[in-house]
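Both complexes shown next keep chain A, but they swap its partner, so chain B is in the first and chain C is in the second.
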Partner chain A sequence: MSASPIDRAAQATPKGLARRIRGLSDRAIAWLFVGPSIVLLLAVNIFPLIWTINLSFTNFKANRLREAKFIGLRNYERILTDTDTWNSMQATAHFLFWTIFFQVLIGFTLAYLINKKFKGNDMWTTIIVLPMMLSPAVVGNFWTFLYQPQIGLFNYVIEFFTGVDSSSFSMIGDVNLAPWSIVIVDTWMWTPFVMLICLAGLRSIPDSIYEAAECDRASKWRQFWTLTIPMALPFLMLAVLFRGIENFKMFDLVVQLTGGGPGSLTTLTSIDLKREAFEKWRTGYASAYAVILFVTVFGLASIYVKALNKVKER
Partner chain B sequence: MAEVSLQNISRRYGDQVALDDVTMTVPDGAFVVLLGPTGAGKTTTLRMVSGLDKPDVGKVLINGEDVSRHTPAQRNVAMVFQQYSLYPHLSVRQNLAFPLKSPMLRTPEDEITRKVAEVAETLQISHKLDNKATELSGGEMQRVSIGRALVRDLQIYLMDEPLSSLDAKLRSDLRIVLKRIQTSLGATMLYVTHDQIEAMTMATHVGVLDHGKLVQFGPPREIYQNPVSIYAASRLGSPKINILPADVFPAAPGGAHSIGLRPEHIGIGEGAETRVVRVEHLGDQTRLHLSLNGHDLITLTDPHSPLAKGDTLRISPQSPLYFDANGDRIT
Partner chain C sequence: MSGFSVTEPSRRQKWIAGVLVITYALVTIMPLLWIIATGFKSPEDAISYPPKVVFQPSLEGYVNLFSSRTRITESMQETLQPAETWYDQVARDSGTVIVGASRYGQRFLNSVVIGFGSTFLAIVFGTTAAYAFSRFKVPLKDDLLFFILSTRMMPPIAVAIPIFLMFRQLGLNDTKLGMILLYTAVNLSLSVWLLKGFIDEIPFEYEEAALIDGYTRFQAFYKVVLPQAATGIASTAIFCLIFAWNEYAFAVLLTSGNAQTAPPFIPTIIGVGGQDWPAVAAGATIFLIPVMIFTILLRKHLLRGITFGAVRK
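Let's turn to the complex of A and B:
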C-alpha cells in the first residue's frame, strides 16, 4: 500500500496520542479545530455585544461607583427624541451618500480609463492609489492646512480657477461648506480603493467578449451599457458595501479635520457616540445609542448583501 | 456575393510572426477550411478577415473593396470564437438575440423571436433557451456560439473550431447542418479545424498554413493527391501518409530523399517483404501496421482479412509521391 501524506502523518503520531485521537468521532475532531475560534469570538465579540445590550437598559456611568439601576427603555426614548442625535444621523447620511456617490462615479471612471492598455498605466495606478496608503489622522491634519483660507492650497486653486477670493471662504469654518469639506477629503482619500475594486471587475471581463460584441455590431456605447456595466456590477456593489460600512464608522479623519464643527454640523454619529461614552461618561445612554446604530447598520447591510447575491446569481 | 481576398498579408505579434505574406482568394460561396498545427496562423487569418486585427502589411478585400481599415461592424461578418465568448450574464435567448438587436438592423421583435427559435431548433438547444449562458455544458455553449453567428443571414461566416467540443454524433449532425446552411445562403465560409473528416467533407477549398505561410491552397482532393510537400501531405488523410526513405523501394527518381505512400497506395502481393506488427479490425476496413526493414507503415486491407500478427507479406508502392531532402515534392 502506498503511504499517502495522511497515512504518514498517522504513523508519525505518538502512540498514546494516537490512541486518544482514534477514540474521537469526525464530529468531535471538527469541534476540536473550530473550538478555539468560537471561544475567541464569544469572548471578544458576542459577550461585549450582549453586555452592551444589557447596559443599554440601565443608567450606568462607568466613572461612578454607584450601582447601575434598570431604567427600561428610557435611554432609547431619550435618544430617539433628541434633535441632536437626529442631526448627527442626518450629517452621517449626507456624508455617506455623497462620499459613496462621488467615489463610485470617479473611481469607476478612473478604473475604466486605467483599464485601457496604454504605456505607463501601472505607474498611474500606483500614483492614484497613494492617498489610500496614508493614515486618516495625517490626512485630516494636513487637509486643515490645505483648507486654510489665507495660505491653503485648496482655496488658492479655487481662486485660480473661479476667481473667487481665496480668503473670502473657509471650507471648515463655513456652515454650508463644512459638510462638503469632509466629503471632499474622504473622496480624495478613498476613491483609489473603489477604483481598485472596479478595476478588478473590469479586468475580469475577457477581451474576447468585446470582440464577439464587435462582430455582433454592437456600438461602444451599447457594449458599455449591456456588457461592461452588468458584468462589473457585482464589483461596484461590493465597493459600495465596503465604503458604506467604513464610512458609517468614520471617526479619525473628521475629528482631525473639523472636530465635528462648526457647531455640531459635522458631528457624525460615531463622534457623537464617543463623546457620550467617554467624555460625558453616560455609559448606559451610549450603550443604547450603540445598539441603535448596530441594528441600523446590520439591517441595511443584510438587505444589501441579499441584493448583492441576487445580482451575482443573475 | 462575397469574394474574400487577402493580399500579401503579414502580421507580427512582438517577435512572433503570425502571418507571413499570405495571399489567398476565396471565391464567392466557397467553403474554405484552414489546416495547420497550433500557431500556424489559422485564427489570425480569421481575425484579419473579421477586422478584429489589422494587418501590418497587405490588404483585405471583400468583393474587390479594400476593407483593411474597416471595423468588424462595417465588414458585416459573423465569427464563431474558439473560446465561445458568450455573454455570461445573459440567457441563451438573449445571447442569440444580441446580434439582431443592433440598432443598425432594426429587426422587429417578432422577427427576432422567430429567428432565435429557428436557430435554436437547428442547433438542438431549444430546451436551453432560458438558461443562463454559464449554466451550459461546453458543447451547448459552443452551439449557442454558432447560433449567435447564424441568426444573421450574412455573406461571410468565420468559424474557429466550431465543433471541437461536441460529441461524435452531434458533430456529424452539425457538420451536415452547417454545410447545408452555407450552401443555401450561398455564403462564403472560412473555417478552422483539426478534424480530417470536416476538412474533406465540408471544404470546397483547403488552405494549408505553416508558421504563418500559406503553403498550399486548393480543393481538398487536389491537396490530398497532389501535395506540394510532406507537410501539406500530412495535413490530410487518416491514417496519415507513410513517409519512408526513398531507397526502401527500387526505381526512386534522382534527388528523391523520401517516398510518401497513402495507406491505400500500397499494393499487396509482390515487392519488398514486410512483417505484420498489428492488425486493427475497424468493421468496414482493416488496418495493417507493418514493419519494413525497421520502418513502420500503415496500410488498409479488406475487412475480413485473415492476416495476423507475425505474418509476412510483400508490398509495392502504387502512385507514390517523392520528396527531396527539404520535404518538397519532386514528382
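Let's turn to the complex of A and C:
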C-alpha cells in the first residue's frame, strides 16, 4: 500500500504546528484509538487461534473432565488418512467449482446487459441484489419447502416447463440431485455479488478506448475479447476470490438445506468439522482439522492474490 | 454533438438487454415473494397441488408464529366462552386455543439487542481505529490492517471451537454479552476497512485548519471528521447490523435458550407433522423485511460494503 496524499500531508505538517496543539500527543491518540480494536481482536481471534493450535496436538474432549494428553501429530495423521475428510474435501471442491462457474457466467452476463443502460436499470439491479443480503439460514430453510416433491414451487416449475412429474424427484433427497440442489441455491443467492463487481469493472472502462477501437475498425466481437474481458478481468478475479473464500467457509445455507445428506454427499468441510467438534466432541481432533482448513484457505488465497496483482500490473 | 456515439448502445440492444435482465429479476425474486405469500396462506393452501398463486388470505401463520396452542375437540369448543380477540378467533377456527406466547418474540428481541449492541461497539472501535490508521503513522500499519482482515478468512466453525471453551470458562456461553462481544470482533474487520476508506476520502485540509485554529486533535476528530464521515459511518453500521442479524453458525453453536437469535430459531418452528410452513414463512417475512429495506437504502454503497472497500464506484 503506497502512502496516500493524506499520509504525506500528515507527515508534512510543520513541527511548530504540532507543538502548538494542546492535549494528547498524536502518538498517544493513535494508540488510544487503535488499542481497543487490537485488544478485542487479540482476545477473540488470536488467543483462540493459539489455543486451537495447542489443542490440535492433544486428545482433548470438551465434554469430558479427563486431562488432555499430548499426542504429537497423531490428529493430523488421522485426518489426512481419513476417507471422510477427503470425501468432504471433494464435496467442497465440487461445490466451489460449480458455484463459481455459474456465478461468474451469469453474473458477468447480467452486468454486461445492465451496462447497456436501459431505462430503469438501477431499480432492477436493486431487486436482483436482494437475495444476497438475506439470512442464508432462514432462506436456505425455506428452500427445502420449495424443493419438496409435488407441493414445492421449484418442482412444480420444472414440471410445468419440462413435463417431468413434480412428485417423481426430490432435489435434496436424491443422490444425483442433492449436490446440485446446493449449487442452485448458492448461485441464486450470490450471483448478484459477482454481478455488482463486474458492473463496477465494466463501468471503469473509459469510452475513449472503444472509440479508438471503432476508428481502427475492430469488430464488436474483437472489442469484447481484446478490450472488455481483459479490462474487466481484475474485477472478475476479485469476485472469484471473495466467493472462493466465502464458499470454502460455507456452513449455514447448506446445513439448513441438506444437513450434509443424503449420506455424506453434501457434507462440506465446515459441516464435517462441526460434527467432529460439537457432536462427537473430539475437540483435539477437530482443532487439528480447523488448523488444516485455515492453512489451506490462507495458502490458496495468498497464491491467488499474487496472481491477481500480476494481472492488475499488466 | 451529432447525436451519434459509437459507445452508446442502440435502442434495439437496450431493449433486448432490458427484457433479459427484467426476466432474470422476476425469476430471482420469486422465492422471496413466495415466502411472503406463504405467510398469509392457510396450512392447507400452503401445501396444495398445484401451488396456489391466488388464495384466501389467512392470518393463521402469524397467529401460530406468536402463540403456542393446544388442540381441542369440537365438543370442548362448544363449552368455551366466545373468543375475545381476533387472534383467539383465528386459533379457534383451526380447532385450537391459545395457551400462551411463543418464543419467537423473545428470539426476535435477542436479534435486535445483539445486532444493535455489536454494531454500536464495532462502529465506535472501528471509527477510532480507522481514523488512526488513516491519519497517523502507526507502526506495522499494513501488517495490522492485513491481520484485521485475515480474521474474516477463518471458517466460523473453526473459530467457534476455542470460543466455546473460552466462553464456558468465563460463563459467557448463551449470554447476550458474549454474542455482542463476538459479533463486535467479527465486524471490526469490516468496519475498520470500510471506514478507513471513507475517512481517507476526507481532505486533510479541514482538520489542518481546525488544528491551526487551536482545536486539539481529539476535537478535530470529533467536530470536523466525524460529521463529514457521517454517511460512511451510517452505511458501515448497516452492513455490520446485517451481518449480526443474519449470522447463524456462531449463534447455533454458542446459544441455546437464553441468548438465541432468530436465524437458528425460525427453522425449528414446527407444527403437526413437520414444519409449520405458514408460520415459518411469517417468521421469515418479519425477519427479512428490515434487511430488504436496508438494502434499498444502501444501494449506492452496496458494492463497497460487500467487498470490504476494495471496489469503490
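To be clear about the criterion, the second predicted complex is superposed on the first by the 273 of 314 C-alpha atoms of A that agree within 3 Å, B and C clash if a C-alpha of one lies under 4 Å from a C-alpha of the other, contacts with A are read in each partner's own complex, and residues count from 1 in each chain.
Going forward, a residue touches a chain if its C-beta (ideal position, glycine included) is under 8 Å from a C-beta of that chain, and two chains touch if they have at least 3 such contacts.
Model, not experiment: these values are computed from the prediction.
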In the overlaid three-chain picture, which partner chain does A:153 touch, first (chain B) or second (chain C), both, or neither? second
Would you mind checking which one, chain B or chain C, touches more residues on chain A? C
Quick one: is A:230 in contact with chain B, with chain C, with both, or with neither? Answer first, second, both or neither. first
Contact-wise, after the overlay, does A:219 reach chain B, chain C, both or neither (first, second, both, neither)? first
For A:70, is the partner it touches chain B (first), chain C (second), both, or none of the two (neither)? neither
Which of chain B and chain C A:293 touches, first, second, both or neither: second
Touching partner for A:242 - first (chain B), second (chain C), both, neither: second
Doubly contacted chain A residues - partners chain C and chain B: 211, 214
Going by the contact rule set out above, which residues of chain B touch chain A in the complex? 50-52, 71-73, 76-79, 81, 83, 85-89, 98-99, 102-105, 132, 148
Chain C residues touching chain A - in the complex, by the definition given at the top: 5-7, 9, 13-15, 17-18, 20-22, 24-25, 28-32, 34-35, 38, 47-51, 125-126, 128-129, 131-138, 142, 144-145, 147-148, 150-151, 153-166, 168, 181-182, 184-186, 188, 192, 200, 203-205, 208, 211-212, 214, 216-219, 221, 242, 245-246, 248-249, 252-253, 262-264, 266-267, 275, 277, 280-281, 284, 287-288, 291-292, 294-296, 299, 302-303, 306-307, 310-311, 313
Going by the contact rule set out above, which residues of chain A touch chain B in the complex? 206, 208-209, 211-219, 222, 226-227, 230-231, 314
Mind pulling up the chain A residues that touch chain C in the complex? 1, 4-7, 9-11, 13, 17, 20-24, 26-27, 29-34, 36-38, 40-41, 43-45, 47-49, 51-52, 55, 62, 106, 110, 113-114, 116-122, 124-139, 141-143, 145-146, 150-153, 156, 166, 188, 191-193, 196-197, 199-200, 203, 207, 210-211, 214, 235, 238, 242, 245, 248-249, 251-252, 256, 269-270, 273-274, 277-278, 283, 286-287, 289-291, 293-294, 297-298, 301
